[in-house]
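First chain A sits with chain B, and in the next complex the same chain sits with chain C.
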Partner chain A sequence: MTAASVTTRASALRRWSWLQGPRMTGSPAVLPSVLGLPVLLWQAVFFAAPLVFLVVVTFWQVKAFRLEPAFVLDNWSRILFSATFQRALVHTFAVAGTTTLLAVALAFPAAYTIAFRLSPRRRDLAVAFLVVPVFSSYMLRIYAWQIVLSPEGMINALLGLTGIGPLPLLGGAFSLQIGLLTLTLPIAVLILVFAMAGIDRTLVEAAENLGCRRARVIMHVVAPSVRPAIALAATTSFLLAFGDYISPLFMTGSKPPTLSILIVDTVKSGSQWPRASVIGVAMLVMLALVLGIGQWLSSGRATRREGAR
Partner chain B sequence: MPTPFIALDKLDKRYPDHHAVKSIDLDIEAGEFIAIMGPSGCGKSTTLRLIAGLDEPTDGDLRIGGDSMRGVPAFQRNTPMVWQSLALFPFLTVAENVAFPLRMQKVGAAERRKRALEWLDRLGLAGMAERNIAQLSGGQRQRVAIARALVTEPSVLLLDEPLSALDAHLRVRMQTELSRLHRELGITFVYVTHAQSEAFALADRIVIMSEGHIQQVGRPQDVYRAPANAFVAEFMGMNNLIRGEVRGNDEGMLEVGSTLGNFRVPTLTTRPEGSRGDFVIAADRVVLAADMEGPGIAGTVLGLEFVGSTQTVFIEIEGGTEFRVQKQQHEIEALDLVPGRQVKLNWDSRHAWLLPQPGTTH
Partner chain C sequence: MNRILATRLSRLAQYSFLGLLFAFIATPMLVIVVFSFDANRFPTIPWGGFSLEWHRAILADSMIRDAFVNSMLVGGGTAVLSTLLGFAAAYLDFRYRFRLKLGFVLLVAVPPAVPATILGMAMLAFLSRIGLFGRLETIMACHVAIATSFSMAIIRLRLNDLSRDLEPAAWNLGASPAAALFHVVIPFCRPALIASFFLSAAVSFDEFLIAWFVGGVHETLPVRILNLLQGQVNPKINAIGAVVLVVSVALVLLAQRFTGVRAGRRNPAP
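Right after this comes the complex of A and B.
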């Protein structure tokens, strides 16, 4: 190496040292934070700000149908202690919980079949058929169900030929679950299919080689391997079902009301934005709790082991 | 003759696009350490999978302990395997991994933990029981995989290239470990590898496979010194193959004519003139001389390859044939073997090995 090139390198080092300076003193590098700025801005404008506003509004007042800034706890006490809210809360929890259980229970065997039993070509086809509904209009799919389930609908028409019915298929817990599963099931299956497709097949063979019959492989290898995905599918299903408005509205006619229905009703009756916000904040807290539990379930390896012993 | 412990009887495996194992016969004695070798795609791993029941044969029979295994599912065979990828369960601890086969046998929790800990101890993993698999080194994982395979005290252990993921130093240590385990347990080990050094160091007998056929079965020294055919001779690497035809028979020696000249090759039987007389001469049996007036084949040194205590000298003979010659460092220095140097190659006729005629049994 020539002396000239050494000098160039030394001066280059000096030229760039201003950039390295801050890093040496412990503050984060400049470049990554610049790159992260758009995300941060997006988060601030579309998530943090509305959220803060939502919380602030819960303390405001409505006078003569006009929203006025204030600081009253009246909205909170009225909503939290109202029997309507409490009933709706329990109901929504029960509905979303049922959807979650049904979604995971139905999605697991479906995903296992798609990931393990189908040929690669058929598997791709099945995944495509699951992706399409996720990206097609939820409203349309619910309307379709109404046509199928209504008293004059397809099922009852067919049943009528055999002399049974008409059955009240629409407007109860059954049709509500059909609607919510329409929303959640494809997503739950997709999450589990992708997780199961990632399982190392030699693990399955190793289990069989070590004396595990095929049916038990599902319990001993497949399920524990996709444990985080099961938690993800469950929390996603719960989140979607808990906050859903369309299915309760169109499949049950809002009776009994879920929290989402209650929010709309509260706003409609006397522009009670603050009280609707209280319900909204309460829902967000519930969801945060459920997410936390989901996280704990999927990553709780050490905890689980201690519990087992 | 006692019945073999594992018998492969015209065992055949066809995949839709590939004929992996072509009607092979092999008897494995109880307590034997047998290595199956061959290039990639030769059918060695498929053979192991057939023994384990992970694949069903298309034809032929497989007997373990005298019983046919046709239709017996993998989980009922008790033929544990150590995978190249190890296939340890990442969601279980070290002890839970080792106890897994016992759990499948419905052994009680306390008993299976006790036995798992015993095996961990035996493989030098005491104190690692509660670790996650991710926390272990490559060598430690290897030991967990072996402990898990042996915990049910099976009468056979299958190993599919178990050491190929380890670095050279660890590989040698694990070889010693496997050798010790085989001696102590006295059970049958079937070991698939493409590494000659592992097979030679460990196995009682070696099976060489190519394109779904068994090419030769024998003790390491037999396979090395007395290859059954040109494939085995070349697969062993340190052999020079000379193709020629028989010109005459002379008291246990065959006169073979080739493009490199006429040679004498020892034989037990006579062969008609004009029949094939291909033979091999091992790389360490070739004598080199700097005197170009002396007897032998003239050649030019192409290059040298450092192996360790010896070096491999590559020599080109007129006409394009390449010879490999193995020499000690001091011999190379004495002859001043550098690329371009002219040398004479020669060997004691008794060291030449006549390849059996194709079609004859070996």
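Right after this comes the complex of A and C.
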């Protein structure tokens, strides 16, 4: 008897066991409810409800600095048609798009080297090294870049020794991308390393035996097998860069503002909660669209290939 | 001959590129730690000499001490609660089939994907209306809502390795579902539970936007740093930064120590 059929029988037994009466303590639904309800309640109160409320607030009004329930579309029209919002939207898309391209372009060769060139031990070390920055001290690392890149900072001090005048490294698109890559690059590399390490080596060997050069192996074996991971790395990078607050704040001094900066500024100035919420909801809708398109691109292509075979 | 040379050059280019990328990731962390011992007020080259002045200064700063204690409380509470909730969610996903299961899993999994600015604002707007604004417990509750996602992922990965027949075997031997859970599943998951504990502590210890929005007067350490950063250049920042960095890196490394996640399969299943 296979393991699978045992499992099916066991689950069938479990489903009908309430008919058998006293063999079990209480009904079989007790344990899952005891485990599930706290999780459900917690996520409902501290995650889902705030987001739902965010949508509700977009229709409310602020009167004399107090938030009052209402149903007006004024907030939506004011924000969506304002030049500030539109400029910030275009800017944020351009910035996040650039980060996404850079992150994937830089992460791919690095992940390839880690997955195919390093020994298993070194590969584990590299993965361990890359996991650390994903979960630690993002804000501090941006601050570190700020002092490295500033006019009196380390790079300019070193350049000064060679006679090259202080370069305006901080406060532009360059420093902003440095900051956002600090955020996105480790995750993008990790996603691609895990995908590439999972590639069946016999495929690569087969291609080599058939006379493929490295470049062709990468183009025709590696890249197609990790296409979903490339899409995941790209959408994750976009998501992080699109919503980031710290890099725009410290690397460009919020000029020009991104949507996240705009949200915080709108909340701070005159407690315009409804309008800030409009920006937030708009951002979430756009992120969902981008994620959906990313999914569709990666899976759609894969199925078309399957169909062509 | 030419081809060997080309291969060597290509390998060299690959390793150099990887080295540069790792340097890019490591530089900011090294800068923080190294310059926290610098006597200069503004961290730059040349190095101003070794000094523990700024480390002493943060020990004397009561706001920083309070923030540190707050961070510890919030991080510890988050670690315990999100490990418990994450285990419950992972086990339900592993063992049971129920209606709207995808919705349940997404409810736990999605929060880290929502930009913290938006989530922080939403949490502040909603929680202040139900009277939970400006409390340490609120920061913790919000951190749990995010960290549970990571806990569930780690524990669910471990449960993948648990034989599906083990629990039915325990039931056949007369164990109740709860007894099987405590004597079979939880011991099996222990490394993942420990990893989840440290990782969710790290997530909480590193989070600042939500803590900044919902915390009110209660500052956690990253919020204190954020507020210091928005003021003048302050050499204390490097010293606190070094402390925070060491704590959070240690937490992540501890978490990694207990997860068996590896890139690529070393021992393929027979």
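The definition used in the following text is that the second predicted complex is superposed on the first by the 255 of 309 C-alpha atoms of A that agree within 3 Å, B and C clash if a C-alpha of one lies under 4 Å from a C-alpha of the other, contacts with A are read in each partner's own complex, and residues count from 1 in each chain.
Simple rule for what comes next: a residue touches a chain if its C-beta (ideal position, glycine included) is under 8 Å from a C-beta of that chain, and two chains touch if they have at least 3 such contacts.
Values in this document were obtained by computation on a predicted structure and should not be read as measured data.
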Chain B or chain C, by number of chain A residues touched: C
Partner chain in contact with A:96 - chain B first, chain C second, else both or neither: neither
Partner chain in contact with A:227 - chain B first, chain C second, else both or neither: first
Which of chain B and chain C A:283 touches, first, second, both or neither: second
Contacts of A:132 with chain B and chain C, given as first, second, both or neither: second
Partner chain(s) touched by A:157 [first = chain B, second = chain C, both, neither]: second
Touched partner set for A:203, first chain B, second chain C, both or neither: first
Chain B and chain C footprints on chain A, overlapping residues: 214
List of chain A residues in touch with chain B within their complex: 200, 202-203, 205-214, 216, 220-221, 224-225, 227, 301, 305
Footprint of chain A on chain C - complex, ascending: 10-11, 14-15, 17-18, 21-22, 24-25, 27-29, 31-32, 35, 42-46, 84-85, 88-89, 91-92, 95-98, 104, 107-108, 110-111, 113-119, 121-123, 125-127, 129, 141-142, 144-146, 148, 163-165, 168, 171, 176-178, 181, 199, 202-203, 206, 208-209, 222, 225-226, 229, 237, 241, 244-245, 248-249, 251-253, 255-256, 262-266
Chain A - residues contacting chain C, complex: 3, 6-7, 10-11, 13-14, 24-25, 28, 31-32, 35-36, 38-40, 42-51, 53-54, 57, 106, 109-110, 112-115, 117, 120, 123-124, 126-133, 135-145, 147-148, 152-154, 157-158, 181-182, 185-186, 189, 193-194, 197-198, 214, 239, 242-245, 250, 260, 263-264, 267, 273, 276-277, 280, 283-284, 287
Complex contact set, residues of chain B against chain A: 52-54, 73-76, 78-81, 83, 85, 87, 89-93, 100-101, 104-105, 132, 148-149, 152
